[in-house]
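Both complexes below contain chain A, partnered by chain B and then by chain C.
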Partner chain A sequence: MNMKTLNKFSLSRNKALVAYLIVLLLMIIAPLVIKDAFILRLFTTTYIFSIVCFGNMLVVGYTGMLCLGFVAFYGIGSYAGALAAKELGFGFLLSVLFAGIVAAIVGFVISLPCLRLSVDFVGLITTSFLNIFLAIARNWRSLTGGPNGVTGIPRPVIFGYRIASVTSFYYLMLIFMVLSFILLNNIIHSKYGRMLQGIRDNELGAVSVGVDSRKMKIFAFTVGSLFAGIAGSLYSFYISAINPDNFIFNISTQIMQMCVLGGMGSLPGAVIGAAFFTVVPELYRSLALYRIGLGGIIMVLCMLFRPQGLLGSRAFAGDKGFADRIKRARVVAQQKKAAAK
Partner chain B sequence: MNEGLTYFLQQVINGLSCGAIYSMIAIGYSMVYGVLGLINFAHGDLYVFGTFIAYSLIIVLSGMVNPWLLAIVAGCLAGCVGMVIERLAYRPIRKANRMVPMISAFGCAAVLKTISQAVWGPEAISFESLSFLPEGSFMLGNLQVYNRALFIPAVSLAVVIIMQYILNHTKFGLGTRCIMQDSATSNLIGVPSDTIIPLIYFLGGFLGVMGGVLYCSYYGYISIDMGMLGTIKAWAVVMLGGKGSFWGAFFGGLVIGVAEAMAGAYIGTAYRDAVGYIIIVVVLMFRPTGMFGHKKVEKV
Partner chain C sequence: MSHFLEVEHLKMYFGGVKAVDDLSFYVDEHELLGIIGPNGSGKTTVFNGVTGIYKPTGGKVIFDGKDITGQSLRNMVYLGISRTFQNLRIFKAMTVLDNIMIGDTKNNHSNLFNAVFHTPRYRKYEEEARQNALEILEMTGLTEYRNKYVGSLPYGMQKRIEFARAVVVNPKLLLLDEPAAGLNSKEAEELMELIIEVKNRKGFTIIMIDHNMKIMMSSAERIVAMETGQLLAEGTPSEIQNDPDVIKAYLGEG
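This part shows the complex of A and B:
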């Protein structure tokens, strides 16, 4: 690498850092400007979903496994956190940690049968696991409360400060989101992250240069479900009552859609995707009946014109979408014109 | 025959007819999935859409035309919708990462679901009065066998045999098998994949509607929520049977159907679905290619 490209490289790195800091600053001052509780709640939900999407991004976007039942880990974390706080009397931070660890252990166990199988089977096994989890959550009444779920989850208390207002929840989720982002960003830019991306792009190639793909897949699954569990417990503290319907397959596909729309293999993309799917449906709320369909049309158009998502890695683009094709056709036409002259 | 055995056999028969319906839906799914490897999340909503069309046709033309004829018309319409979806939403991104057409399929499923909801409403509609299935029953010793419990597996079996014949003995089938093996090379040697792939989607949608009509007549109602459930079940059945194999889809459906009936009878209906999925996980752990799947050796 010569000096010029090196400079360019560090410059683009700095640019990204500046962009992150500006966005973070905007997020911090947002509650001071926006007084509307409804909008702040939307942002708070966005941050929670961002953390789940980070986990899903690690498993799907960076390791290339297809995890369609990811909401199961989110649900397990949710139940674990809620029950730890309510029944065992754990403090807030301890319950969140407990929820994360429980989800990570389950994720570890689920990843074991997935190692032998191809991508699609992993998707099916996680879907099956989600259904088994839902059946247990609906029927083990003494523990999970059956269809009614767990209610009356206590408000979080951190160092004697009780969190109940909209603004304080906003900052709490923001802090968790930023911490998760920093942690995962470091993992992804470490050698482990590169190993994961190697497995995604070419598993045989990665194995042949000495990457232990089994170990790395287990690692990705465990860390991914750890974050899903943490997000789940934050969610249960935030809405203070959960039931199995919060964790159905549709939510799982929505998490997947957030990741794909934001861009596979991009952490900021996860935040953008989460924001998109939380905020945009509210914009056309009045069209209640056509809401799902409009979302579907947006999805198809997005995939057609920008298959790698808004900020996605090129690894997912294939021969790219319509926009690039039109561009290429134009170039060919110009060349033809030039040749005719 | 003692009572326990009769009960057991009764459940087996119920399970077989329920499973045969699963296999009908799964055969259509298997076409698309086996050939293109696309996890087609629009399949479920497409067959529900087609079944709704069949329902409306029968209501409008009540008693004038044989309901099965109308179901076939509805199946053809749904097949055409499938072809349109393929042209608009899948073909431009066929070469992108597999996740991309999958999300596009989610989008199409949402659109189809919204159309069905806008036209036919969100509530379940009774499907009882439509006479798709033969009435009556006969006694086999102590065992009461409904005619429909024989009819559904028979239809399903016939469809498998026909599809197997088409796949193995026609030019269309030859092209399909070429694309299944290696789509890039088959393009090079002149297989018209842009003609064959839409036809595969057509057949997928058509068979889906046939399965959907049976499914809705068996359970006696139709609702828009059947879509996503049907997709996942069809996918699971195909995986269990082995990708791209019609016999696999057929027997996979029967296994799941019987397992669910057994679980419903002896464990409790609450865990019915879970037992089906546990069986899938266990089978896949010991036989990762499914029951009838061929092992694909990866070469470098």
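This part shows the complex of A and C:
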């Protein structure tokens, strides 16, 4: 009996692993096939955004805390990484690490007032925090460069190898994305991931079996911010100039939309959501202007037909979707018909 | 003196509402104690007071010789107490297996480093936890549903899952709040059989709240009857069944 159970279990895991490896392979050979620098840049941006989405997913999709101003941690990482490289002369990897740690510390502090609040107030606090961050970024000119931001961020140099070409940036971001994915995926499939999801689904239920919900919420916020910070600094190095407009509320909304479309509680979903909202508006240039509007329409469609997003778990949606209601109404009608006969 | 759990003069007031008012009762080891009483008579509030969801306004809770009054809900599993809830508190977007494995958190000692890098030590603990959970699933007849999302399963199954989650904690004392409520009579009967079987196998002590007199009469060894937050009667099922106060307050109703 138990053997059979185990076999079945490892089979489904292996299937996922095979799927991941195929996608990874495609990502690795993409630059060999696609010679269009424009498209490669879109993918590169996708990988960076995937990492922010992983962080957002951990906080919102896995722990159930509505962090609406998540782009703030991305912004903090961007500035921290850029300034570390430019002003402190840190190397690339050290700057990225520094950016992640700074963002994580800030995330840790912001998580504290969020612990005892309901979901909507967590949304309010994090939104206000984003506004505070933007105010500082715009006004503390001596540090942040004010509205002009930080320019002339040096090109990354790793072990003597200078990253400058489109292809080398592509692989650099791919490596960071894959590493982030593996680490977070490991966390999510461990007891820590179970505890986070337990808190999301039913906090009191989780506490009743010994989960320390305060500690785990702080953990999610801190680790989520860490990855946002890392992604932010990668972004700085990639575009070599940042300013406060890169981190406005719209971007936060977009990060959330990426996660919702991909599926709350799914890391691969984060990549798909990031890819969709990065690539589609750019491919159809006329759509780019309506990026947020497009996001809105997709959100409405999601809510109606697939509340759990593309890859989110079915159960996550409950039975609140419009399509579900229609299905249920049909079943009820059929039952009535059958009863009438 | 020195019963397994002693609740002494428990008072739970919410503003002007005296949900539980000076209630005392006890449970002995390996006993199955039933708590009955009309809706709103304070049964659930007794559980909430004992397990630290609310701090008692007054009175004491002594468990296994220790005063545990006002200890936090989270601490209960470490003391050896677990519970289920009247309104299911399960994890609907997680699989059945994961729901049960969460219950094992206190025995899973892998730390963050092991978890992040999936070290051999992590795999060892994880495998132990999985085997432990699978054993409980087998015991509770849930094995074939282990990879299903809990939210997609029928209510009766969800009740069973919450019970299994409380069992995997491996408590000394198990508190069940209306485990059979909302089930049809066949499901209820099966669940009761399961509860008794698990109790005997694991040597649990159980306190169970239920409305269903028939179930109570057949499974509880002793019964505490409550009314408006106070003790109405206490005794064996047949004593309770024949108690004039109980008949008037409870049985007479329906």
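Here are a few things to note about the model shown:
Following the convention adopted for this analysis, the second predicted complex is superposed on the first by the 302 of 341 C-alpha atoms of A that agree within 3 Å, B and C clash if a C-alpha of one lies under 4 Å from a C-alpha of the other, contacts with A are read in each partner's own complex, and residues count from 1 in each chain.
The rule we apply is simple: contacts are C-beta pairs under 8 Å (C-beta built on N, C-alpha and C of every residue); 3 or more make two chains touch, one makes a residue touch a chain.
All values reported here derive from a predicted model rather than from experimental measurement.
Touch criterion met: A:204 reaches chain B and chain C at once. When the shared chain is aligned, chain B comes close enough to touch A:128, but chain C does not.
In the superposition on chain A, A:120 contacts chain B only, with no contact to chain C. Comparing which residues of chain A touch chain B with which touch chain C, the overlap comprises 204, 315-316, 318. Looking at the complex, you find that chain A touches chain B at residues 60, 66, 113, 116-121, 123-125, 127-129, 131-132, 135-136, 138-139, 204, 249-250, 253, 256-257, 260-261, 264, 289-300, 303-304, 307-308, 315-322, 325. The touching residues of chain C, counted against chain A in their complex, run 51, 53, 73-74, 76-78, 82-83, 85, 89-94, 98, 101-103, 105-106, 108, 110, 112, 115-118, 122, 125-126, 129-131, 134, 138, 143, 146-147, 149-152, 162, 165-166, 169. Contact residues on chain B toward chain A in their complex (touch as defined above): 37, 39, 41, 88-89, 92-93, 95-101, 103-104, 106-111, 113-115, 117-118, 228, 232, 235-236, 239, 243, 270-271, 273-274, 277-278, 280-281, 284-285, 288, 298, 300. Chain A contributes residues 1-2, 5, 8-9, 12, 183, 186-187, 190-192, 194-195, 197-198, 200-202, 204-213, 265, 313-316, 318 to its touches with chain C in the complex.
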